[in-house]
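Next come two complexes built around chain A: one with chain B, the other with chain C.
For the complex of A and B:
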């Protein structure tokens, strides 16, 4: 299981403020705490902070690399920002994201070939946001074939099935789960990933829905999540569901987490 | 309670089947189809719209009421002579080029239709030229432009600029997560709405309805 810590995101007001006033201590602390809580990668999104995205990202990449020794996930659709960030990353980064939309594909693929990051590939193409499981599988095939064909190792490809909110259509939860399963079957060497917050958009008690969805995703074979690792009940449920899904040999991680007092429910 | 109040009541108690049955009953009692729409269905939709704006109801509840409205409209359709039901205005709407998001836009459409607008939905990834063609073809009073990405806000600006030749005959309303009043003013839009329910109020205000 790969955990991408989502908290350094400029859509959060405290983070946008810290970026704008160059409050390095706040942001370094946020990165460190996520790493300590179990994040494997730290997502970095500066898109809606005041100021120039490229300059903001360069500053933040340099700052965070000195604070944590895990990779960063550069979260932007802007190729100029991704390039600037990738060129500064000492460790192999992740990028969030490429899609099969032709303009985005053409702009971002060369960066992937040059810097060889892990790649979050989102199931969207020129036809728009996919509706069905079949649409997602068709777009995933385009992404996987294109990336692997361009020399990316399947192990570095993380397919995001594109989770849509159940408040719009209650079928969207199962669509994402079935698509995850279908991608795992069709491309065994490739990983799957998703965020947890889209699913609960527009509904009350979002954290509860996010957690329940995460458990279902684990059962469907999801390999990675973008989530808030500081949320103890979420992390505890993740340990528990990995054990239940047979993805924790001898339940050793779960036992260790319990012994360390990390299990919270 | 009058049957029209009953229809409104059925709308806001999330009961599409009841709305449909009451609509049939009202017709059989000789109530005019336009009154059913205006004083029953639209009244109910407006009530829910205001609750939604105030965060008192959730999106699925709005969708259930919209479904009730559609079910009733199906019953009423044969009773509305072509073009007899005067829509209050024509609203052309779309998501800008290179942006594929439509959830917010579709909610705005539900609210507008519920409020009696004729809506022409251009879909997502709509280039400026297509907005302009739709203005020429459908002669709307108002155009709504949506964008959900910070990277496509520039397209919103381009689209507004492209519609310049038509500004005497149309109002332009913009919205979407990254859009602000400040941005709307900067690109010279006529109005900005932060959410679907206020989009209707803003449209009414811009058109003096």
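For the complex of A and C:
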């Protein structure tokens, strides 16, 4: 299981403020605490902070590389920001994200070929976000074939089936789960990833829904999540789910977490 | 989703004590509170209480029928106790359980034919509890064919895939989930059911594991659980899981539960 820590995101007011006033101590602490809590990769999004995105991202990448020794996930709609970030990353980064939309593909693929990051690839194309499992699988095939054909190792490809809110269509949860299983079957060499908050958009008790959906995703074979690793109930449920899904040999990780007092619920 | 409230079970010390001293108020209250919390059926097990099981069960069935207007699930290894209980049930009962073991089948089938209860049918035969999904499906076929052949409506058959502890084999969780899906595909007219505590036997943090496994079971299509309906986090997770699995039209039940302040986590 690969955990991408989501907290350094400029849509969070405290993070945007810290970026704007160059509060390095706050941001380094947020990165370190996520790493200590189990994050394997730290997502870095400065897209909606005040100031120039490229300058903000360069500052933040340099800052965080000195603070944690795990990779960064550069998360931006702006190819110039991604390029600037990639050029500074000592450790091989991840980028969030490429899609099968023509313009996005053409802008991002050269960066992938130059810097060889891990790649989060969203199942959407010029037709937008697909409705069905079959459409997701068709777009996933386009992404996997295109990336692997361009020299990317399948192991570095993280396919995001794109989770849509169940308040719009109650079938969207099962669609994402089935798409995850279908991608794992069709492309056993690539990974699957998703965020957890879209599923519950527009509904009350969102944390509960997000956590329950994570459990279902683990049983469906999801390889990675973008989540808040400081949320102990979420991390406890994740450890429990991996044990239940046969993805924790002898339940050793779960038992160790329980012995260390890390299981909270 | 059918919820069988599990609390009136003589393996619980307070329940065994209440049965032995004929504390009807305590037991009626326990039945009523489970019904109010969402139980559709009340499990009644007196097997390990002091005194004669048949007499205890007759007393308890008469007592509870006056207290709640939902069916009872008569839960006993003893065919004489089941027969005595069935003969007293005004509402059509459930029995827990029949198996494909020859002696059990021969003892229980006549009671089913006479009293026409709902039937909890365990996927085990003379070879014991099976190891694989395929063996579970083979035994489920024997149970479904035998019961339906004997005149039982498929809708009254609840197949229990038999969940074994993941501390013995980490694959047992996925085996139960796959067996559940396989039974639903092979016999769309029958229901699936399971208890939640076996999965976590021998491990720390059992409630967490039980709850996470319930979530996975909902996504796999499980139709019924034997559980503690007074456990609010479990019931909240169940409501959330049904919404996520597309089993709650417009998420109406989940939203209503949240509005009523019943979502707790």
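Note that the second predicted complex is superposed on the first by the 265 of 265 C-alpha atoms of A that agree within 3 Å, B and C clash if a C-alpha of one lies under 4 Å from a C-alpha of the other, contacts with A are read in each partner's own complex, and residues count from 1 in each chain.
What we mean here is this: contacts are C-beta pairs under 8 Å (C-beta built on N, C-alpha and C of every residue); 3 or more make two chains touch, one makes a residue touch a chain.
Computed from a predicted model, the values in this text were never measured in an experiment.
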Clash-or-fit label for the pair chain B, chain C on chain A: fit
State whether A:213 touches chain B only (first), chain C only (second), both chains, or neither. second
With both complexes superposed on chain A, which partner does A:42 reach: first (chain B), second (chain C), both or neither? neither
Which superposed partner A:30 touches (first chain B, second chain C, both, neither): neither
Scan A:159 for contacts with chain B and chain C and give back first, second, both or neither. neither
Which partner does A:255 reach: the first (chain B), the second (chain C), both, or neither? second
One more residue to check, A:183. First (chain B), second (chain C), both or neither? neither
Given the overlay on chain A, how many degrees, to the nearest 10, lie between chain B and chain C at the CA centre of chain A? 80
In the superposed arrangement, which partner chain does A:167 touch: chain B (first), chain C (second), both, or neither? both
Classify the contacts of A:18 with the two partner chains as first (chain B alone), second (chain C alone), both, or neither. neither
State whether chain B or chain C is in contact with more residues of chain A in the superposed arrangement. C
Touching partner for A:203 - first (chain B), second (chain C), both, neither: both
Minimum Cα separation, chain C to chain B, after superposition on A (Å): 6
Quick check on the output: what are the common chain A residues between the chain B footprint and the chain C footprint? 167, 170, 203-204
Seen from chain B, its contact residues with chain A in the complex are 58-60, 63, 98, 100-103, 106, 124-125, 149-151, 178
Could you pull out which chain C residues touch chain A in their complex? 166-167, 170-174, 177, 199, 203-205, 207-209, 211-213, 215-216, 218-220, 233, 236-237, 240-241, 243-251, 254-255, 258-259, 263, 265
Can you check the complex and tell me which residues of chain A touch chain B? 47-48, 77-78, 101, 103, 124, 126, 128-129, 164-165, 167-168, 170, 201-204
